[in-house]
Amino acid sequence: MALSARNHLKGEITEVVLGTVTALITVKVGDNIIESVITRKSAEELHLKKGDKVAAVIKATEVMIQKG
Amino acid sequence: MALSARNHLKGEITEVVLGTVTALITVKVGDNIIESVITRKSAEELHLKKGDKVAAVIKATEVMIQKG
Amino acid sequence: MALSARNHLKGEITEVVLGTVTALITVKVGDNIIESVITRKSAEELHLKKGDKVAAVIKATEVMIQKG
Amino acid sequence: MALSARNHLKGEITEVVLGTVTALITVKVGDNIIESVITRKSAEELHLKKGDKVAAVIKATEVMIQKG
Amino acid sequence: MALSARNHLKGEITEVVLGTVTALITVKVGDNIIESVITRKSAEELHLKKGDKVAAVIKATEVMIQKG
Amino acid sequence: MALSARNHLKGEITEVVLGTVTALITVKVGDNIIESVITRKSAEELHLKKGDKVAAVIKATEVMIQKG
């Protein structure tokens, strides 16, 4: 199954913080740290935990560019 | 100046495609390719071109997680 | 492969409009019409065309509620 | 009053979960379930509750396409 | 009809640029200029043109904070 | 440093509400109130508090238009 989202960054989960509605997932991708806010329900259904191999997926329209 | 967006990925522009309203900016970040859709006006005002050192900036609420 | 995005709506593509950078994909989902703006590159790489069986995928943080 | 957001999916709320800042609203739309994360303030000001007739509203640029 | 999006900024359209798929709508809100990218279809169906009284509507999860 | 996001609205923070994962930041911009949901981590790292001079930053693709 292929998704139109252009950006798939493979990495490893380093931290999961669960709130009531949302969850913060931190992923190490190469030398970068990516933080993601998803629903707590998704975090639970995917059984996300430290050490999991995952991809951070980002739609191209959500990416800004900073220069200088 | 500090921005609340959690994710700043430093890289180099490899391609700029200009449309009438939007522009596609491709950035090499480590071993990954990041694609960004911004306004053509921003691409022009920032004079974005191949070889520019930039950062891809992404709000944490826009990042999904894929597993398995 | 499982994605954290909560919403997957299965349907059939009824129209593809290609711009220079973006593409408009229209999908019939049950009695509803869903419109999606993705990159032209994604539309081409997925070979999206009228009649394709696809899913519209939406992150829960992108959904608003209207009442009354 | 007309809104530029292309997607309005009519349905009925099946669950409301309130967090401190955000709320998770689940809406049944035809045979599909749509989940939405909005602010708790909006959920309270709109008095959202199970059984409410609402629409899930989604900007076209937030919709991805999955195929295959 | 009430929408969960928290931010409604009233202003006047100062420019409309139509692309093939998207449109850039510029709105003067008090002393600020707001730029919006929507679908060309929405711009046409709402007959958006210079001088129109409109509101820029933004979901709270899409707003970042910059300090310093 | 210049960011591609088109919209920077200067104002003053009037309220900060901290959840476990997210935070709600309310900013007075001219005669308007802007509400923003960011991560709690960003709110803490930027030391956001009532009275702070900040800018609300919004990508143009996240802005909808309402008319009539």
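Worth pointing out:
We call the chains A, B, C, D, E and F, going by the order they appear; numbering starts again at 1 in every chain.
By our rule, contacts are C-beta pairs under 8 Å (C-beta built on N, C-alpha and C of every residue); 3 or more make two chains touch, one makes a residue touch a chain.
Just so it is clear, the model here is predicted, and its values are computed rather than measured.
The set of chains touching chain C and also touching chain F is given as A, B, D, E. Chain centres here are C-alpha means, and the one lying farthest from chain A is E. Two chain pairs are in question, A-B and B-E; the one with more C-beta pairs in contact is A-B. A straight line joining the Cα centres of chain B and chain F is 21 Å long. Inter-chain centre distance (chain D to chain F, centres taken as mean C-alpha positions): 22 Å.
Annotation for chain B: residues touching 2 or more other chains are 1-6, 19-20, 22, 24, 35-39, 41-43, 46, 57, 59-62, 64-68. Applying the touch definition to all chain combinations yields A-B, A-C, A-D, A-F, B-C, B-E, B-F, C-D, C-E, D-E, D-F, E-F.
Residues of chain D touching chain C in their complex: 5-9, 24-25, 27, 29-38, 42-43, 46, 48, 52-67. Chain E meets chain D in the complex at residues 1-6, 36-39, 41-43, 45-46, 57, 59-61. Those residues of chain A whose C-beta lies close enough to touch chain F in the complex are 17-20, 22-24, 35, 37, 61-62, 64-68.
Listed in rising order, the residues of chain D touching chain F in the complex are 1-5, 19-22, 39, 41, 59, 61.
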